[in-house]
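Shared chain: chain A. Partners: chain B in the first complex, chain C in the second.
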Partner chain A sequence: MGTHGLSQFEIFFTWQNALLWLRATGITLSMAALGCGLGFILASLLVYLRTWPSLLLLPVRLLVVAYVEIFRRIPFLVLIFLVLFGTRAMGLRMELFWVACISVTVMATAFIAEIVRAGYESVHRTQWESAAVMNFGRLRTVLLVVLPQAWTVIVPPAFSYFVMFIKETSLASQVGVYELMQTGKYFNNIGVSPALSFGTTLAIYFALSYPLTRLGWRIERRLKHRFRRPGGDDGLPTTRVLAGV
Partner chain B sequence: MHYTFQWGVAFSYLPELLAGAWVTFHLTFIGFWTGLVIAVFLAVGQVYGGPWLRRSISTYVVFFTNTPSLVTAFFIFYGLPEVGILWSPYVCVLVNLILNAAAFLTDAIRGGVASVRKTEMEAAETLGFSMLQKIRYVIVPHVAKVLYAPISNLYIVFILGSALAAIFGVEELTGTAFNIAARTFRSIEIYSITAGIYVIMTVIASTILALVGRWAFRVKARIF
Partner chain C sequence: MSKEGGLVAETQLELRGITASYEHGGLVLNDVSLTVGKGEIISIIGPSGSGKSTLLRVLVGLLKPSQGTVLLDGDTIDYDRRSHLKRVRDRLAIVFQQFNLFQNMTALANVTVTPTKIRGEAKAAVRERAIALLRRVGLGDKLNAYPDELSGGQQQRVALARALALQPEILLLDEVTSALDPEMVNEVLDAIRGLAHEGITLIIVSHEMAFVREVSDRVVMMADGAVVEIGPPAQIFDAPQTQRCRDFVGKILKH
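Then we have the complex of A and B:
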């Protein structure tokens, strides 16, 4: 059936299309990975500044708090458009892929900063104090005392945010990045039925997200089991209640 | 910078944007509460139901928590007309929101119910509590305390997630912003104001939720 004389199956199931889907999967994954990786680095820097006890850095601290609070409360879709038009207005004609990457980074930084901060807070104050007694500087305290204890609290929710961003990047299709969602729309436009085109998109997202979610649970259970700290609560596993920090 | 900001023009569209914000509000409010009611039933089914019920509920939850809501929305919006069901964009987006919210909330609630310790239930048994009393005095206070903060957070997440309704032509906040930006070309200003409205909306929602939580369940929820 169909007006092309070809059935939608003949249009759809070719090895070139398989490559197209593979490429789209790569783009989706690299947007999420690049954005979250950069976001993680920036978030660590922001939290390092935010927890600085000096009064001189109070304005910086306020700025960091404002950044985190504001960008956790803006829809990703609106943020993408802001980044798109913002960079264009500044005269930067970057590729749409990079626009999406910047958007993910901006948002991931805000979200992961909260996770890293929770990690810092999970380390008892006496640990900071004993490091100070040992004459450790701030950077050395963070690197040698706080982070080695905090990472078991930071990694599981950070990982689940990475998985969330894989799904969130589907909104990048709205500015025209050829990731999974946009590829599904393309096939729908050339006459493949929605069940087949969007169904493939759904299946690929699921195939990416589900194993990674399971991996996240495993990591979390491992860390909890191996690094159980005295007095730590054993309530809800954090990654299960997604998006709630 | 080749761009001249014209905030005056953009702000003259504020009433229109606020009308959009109202649509966002009732879309997410209806969607979230319907989803929550469904989720309570599903969570109960998942904890106390038979193997088939449990398996089908967890399949549903796993499916919706692992796929982007944008793609399921496309599926509903373009797929249903193929089988002869014609819904308005608002209904499509609302149904998609309910399906997603119910899945995420089921997952959360089940975790909360599972976190009631066995010894507490046994203690209630010893005191001769009936099932209703157990629910009223043991399960609900415990679950409410554990789940209030994550569920309020999910509400905020769904307010932000409802922005995808714009793609299907619903004139909620983002959709209105799309239209105004397309008419006036003042994109940066309009989207900045839109982002500001979202920030204000979610801060108000968080504040109300935190106050209600403190008053009803004695939960110390952070607003910021």
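Then we have the complex of A and C:
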């Protein structure tokens, strides 16, 4: 229907369409990467608040726990709609891409907070004490001593979450973000066969996920082997990534 | 009761009736009083579980006493005020029994991190000082080794260098030789002897009785969280005045 006599191959295999797929891939990846990156920063912040010893912050701690427990348990699609209509209700008419990014961030924060906390707990109490008696503040202790050691516990699961989020972002097609899934639907709608449209979608998802999973394994093995290789001229660990936390 | 030694110059640290317990119960310090003079070398001996290490934890503010006061240069330490603890910790350093080096940093970084990143001292000068200290404890060739690449004795010496790099007025040593290879014990003890001549105040928890006897101005014998006897080494080891001390010293010197 409506193909004006052209075969689906002629419709599909054009440079323009290749660019379309490339763009979609970029959108899928950036939603996952942005969400994961921001999620990591926010998760670190949440854990920082959650493990604050002062009793004054008890309500904050409870809020953090509630956040983590709730947002790890609601379906991503529901979350996207919540963010979409939530922002609309607040009068914010942001682009759908950003709606999706916020959704991924909200979810990623909850998931990563759990692994950051586990990472903290893997660092022995005496390391905190050592830092305390030398007048390290809490932030310095975390940035200079705890996180660099917790890294090995945090990174491998964080990486598999990243791969998981890449797949989850396909649900952003439900609100009309032109990522990989939506692009597959688009081609199917203009007359390209489902096998070709969604086959391409599938192939790209796989091409993204598989190498990343492999990379995750390699990182995990390397971390196990030796996680303390630092940068910096005096052997201090590099914590640049976290400088903004 | 704490000045029998008679060598005390100016009181630097004073404990008055310190009582403390851990959260999960059990009284670990019971009414401990002790006065430490500037530049004095005090050794604390006693069976395990007698509260020696706990006393050091109280002094560095890791454990808040439930009763009693600690005075540093006549000022009462308020354990609930961070600024107070901070000031105290700027003047005290501790070497833990289990070293507690930062596992993610090299030997050199362990020594330099506090002066540079916490105290904001000039990097180059600290680095020089740190290297000199590590050389002094015989680790000039291990500057870039990580704690898990070092033996227990080497880690302990890094910990000693780390504490000294803080240029403390009072240095607390918590059984620093108990985890060392026998041949390393003397090297560490030599380093500590050197300190004794520099006028730094030392509070030493140790089982090395010969060493304690040699370097200490006064010896504190503790048991069951309380001070049993305080006196110069000659008194504690040769003429203890309490039965408890006699028993302990007798048992230990037989070895």
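For this structure, a couple of remarks:
As a convention for this text, the second predicted complex is superposed on the first by the 223 of 245 C-alpha atoms of A that agree within 3 Å, B and C clash if a C-alpha of one lies under 4 Å from a C-alpha of the other, contacts with A are read in each partner's own complex, and residues count from 1 in each chain.
The working rule: a contact is a pair of C-beta atoms (placed from the backbone, for glycine too) under 8 Å apart; a residue touches a chain by one contact, two chains touch by 3 or more.
All of these numbers come straight from a predicted model, not from anything done at the bench.
Of the two partners, chain B and chain C, it is B that touches more residues of chain A.
In the superposed model, A:Q127 makes contact with chain C only, not with chain B. Contact with chain C, but none with chain B, is seen for A:V145 once the two complexes are overlaid on the shared chain.
Within the superposed three-chain model, A:F76 lies in touch with chain B and out of touch with chain C [touch as defined at top]. Within the superposed three-chain model, A:P53 lies out of touch with both chain B and chain C [touch as defined at top]. Legend: residue contacts after superposition of the two complexes on their common chain; A:F136 is shown touching chain C, with no touch to chain B. Residue overlap on chain A between the chain B contacts of one complex and the chain C contacts of the other covers 235-237.
Those residues of chain B that touch chain A in the complex are listed here as 1-3, 62-63, 65-72, 74-75, 78-79, 82, 104, 107-108, 111-112, 115, 146-147, 149-151, 153-154, 156-157, 160-164, 166-167, 174, 177, 181, 187-188, 191-192, 194-195, 198-199, 202-203, 224.
Listed in rising order, the residues of chain A touching chain B in the complex are 65, 69-70, 73-79, 81-82, 85-86, 89-91, 167-168, 170-171, 173-174, 180-181, 184-185, 188, 193-195, 198-199, 201-202, 205-206, 209-210, 213, 235-237, 240-245.
Chain C meets chain A in the complex at residues 60-62, 86, 89-90, 92-94, 96, 98, 100-106, 108-109, 112-114, 116-119, 123, 127, 144, 146, 148, 166.
Considering their complex, residues 126-127, 129-136, 140, 144-145, 148-149, 227-228, 230, 234-237 of chain A touch chain C.
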